[in-house]
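Letters A, B, C and D name the chains as they come in the text, with residue numbers starting at 1 for each one.
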Amino acid sequence: MKEPYIFELAMDVRDYEVDAEGIVNNAVYLHYLEHTRHEFCRQAGFTFRQMHAEGLDPVATHIDIHYVRSLGLGDRMMSRLWLERKGPRFVFHQDIFTPGDELVARATVEIVSFEDGHLSRGERLASAFASYLK
Amino acid sequence: MKEPYIFELAMDVRDYEVDAEGIVNNAVYLHYLEHTRHEFCRQAGFTFRQMHAEGLDPVATHIDIHYVRSLGLGDRMMSRLWLERKGPRFVFHQDIFTPGDELVARATVEIVSFEDGHLSRGERLASAFASYLK
Amino acid sequence: MKEPYIFELAMDVRDYEVDAEGIVNNAVYLHYLEHTRHEFCRQAGFTFRQMHAEGLDPVATHIDIHYVRSLGLGDRMMSRLWLERKGPRFVFHQDIFTPGDELVARATVEIVSFEDGHLSRGERLASAFASYLK
Amino acid sequence: MKEPYIFELAMDVRDYEVDAEGIVNNAVYLHYLEHTRHEFCRQAGFTFRQMHAEGLDPVATHIDIHYVRSLGLGDRMMSRLWLERKGPRFVFHQDIFTPGDELVARATVEIVSFEDGHLSRGERLASAFASYLK
């Protein structure tokens, strides 16, 4: 847990996110991760809606996620992230913990940005994220 | 079952649609109904994508659904519909059955269409649906 | 807005809940309604998880929802409810508003409860809800 | 495309799976992958429901997915897989293509199986999959 997190969001499991095995379905974690990134962006001063309106569309190109511990009905989680830039790619390091700091899931999410429909070099995202980039 | 159905679609429950109670979550039925309407439209010769590209956006204004019998893991369903026009509104009568013709859910879905962002009188949808309207 | 609401929950639209038309998909509202009911239950002192563990499974039998105004990216909502009992059925009156108190959706959701797999007369739910029933 | 696929499933994008950017949301691909695995299991003679009833619950521990090309409204896909065993882990290699064989997404999904709540060595799954394992 020495990861240099720069953002944290508390979330509750919603009952409809739990599947027939009694645990949160693996696809739902990608929603948690996306929602965390978007809330981070909102805190950073720009929303998904604004970006979309300005022709800037971030798109995930690679997600790697390890499921360490299951979440179930009524559980709460702490979702944390930090990010780094690798040329045109932005790598979000995103981990989800129980309130007691036990690791639930560990993910990296790579994002590129399209500008007016074309793959960009990421300059606009980089300037938006400037104060958060490692 | 004397309803004057004009379209039928077979669908399988996907396991992730089943919730912790072991049954398909009630919200998922609205996906089944929507998917059935869109497949019906596709058969009628126009797709959701085309309509959207032409500035024609159907929007649901009222859904009434009775859940009669639950679907669970591995179940299959037959989704049927017929429609009528009531002025600017199009009323889809949509029922879902088991393969053995037992009623699972009975719904009516009212749709209006927006054209270029404004509520329309439904003339374009009506001409598209002409041969299917009761 | 003279409805005798007894519970209110603020929620934000999550970006993945918005569909290709730029508005929250109609099925997602059923998730909002369900999440509101479950949070209400939690405040009332019993969780969905507890109920399920005790063999008590509430099931929706009828949902009627009017979509009055669309929600989109970045929107916030206030979700309110009150409930009444009609024999074995519990009717949740659930309305969603913008933060400025404009009506977004108006719904009634009828619930019955299964106890150990059998339809019940609702006595256990009624005693749990006693102080909230009109 | 020299991957030794042993199963293929054709699927259509459902319109509600497309998000505000006009493309299938990244979480939905995990549903496609799961549905493909479950249909593969069904063909192999055992269903998710059976397994669950017998106390055998496969759980994903690691998913790695590259998004190469976007799917949108009205698109169709071919979802293919092959699998290998690595001790207690089963690695599903799952790729999604356009009907014209252009790569859409490339994933590996690692599964372990719980038997009666305990992590198993995978012997039961291995015998079920025996004729499919590389």
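The working rule: contacts are C-beta pairs under 8 Å (C-beta built on N, C-alpha and C of every residue); 3 or more make two chains touch, one makes a residue touch a chain.
Everything numeric in this text was worked out from a predicted model, so none of it was measured.
For A-C, the equivalent interface among the listed pairs B-D, A-B or C-D is B-D, as over half of the contact pairs agree by residue number. Relative to the C-alpha centre of subunit D, the farthest chain centre belongs to C.
Between subunit B and subunit D, the centres computed from C-alpha atoms are 28 Å apart. Averaged Cα coordinates give subunit C a centre that lies 34 Å from the centre of subunit D. The geometric centre of subunit A is 23 Å away from that of subunit D, both derived from CA atoms.
Among all residues of subunit B, those that touch two or more other chains are 15-16, 20, 25, 27, 31, 34, 48, 52, 72-73. Chain contact summary for the complex, subunit D toward subunit A: residues 20-21, 23, 25-28, 30-31, 34, 48, 52, 57, 59-68, 70.
Residues 15-16, 18-20, 22, 25, 27, 72-73 of subunit B touch subunit A in their complex. Here subunit D touches subunit B in the complex through residues 14-16, 31, 34-35, 38, 42, 47-49, 52, 72-74, going by the rule given at the top.
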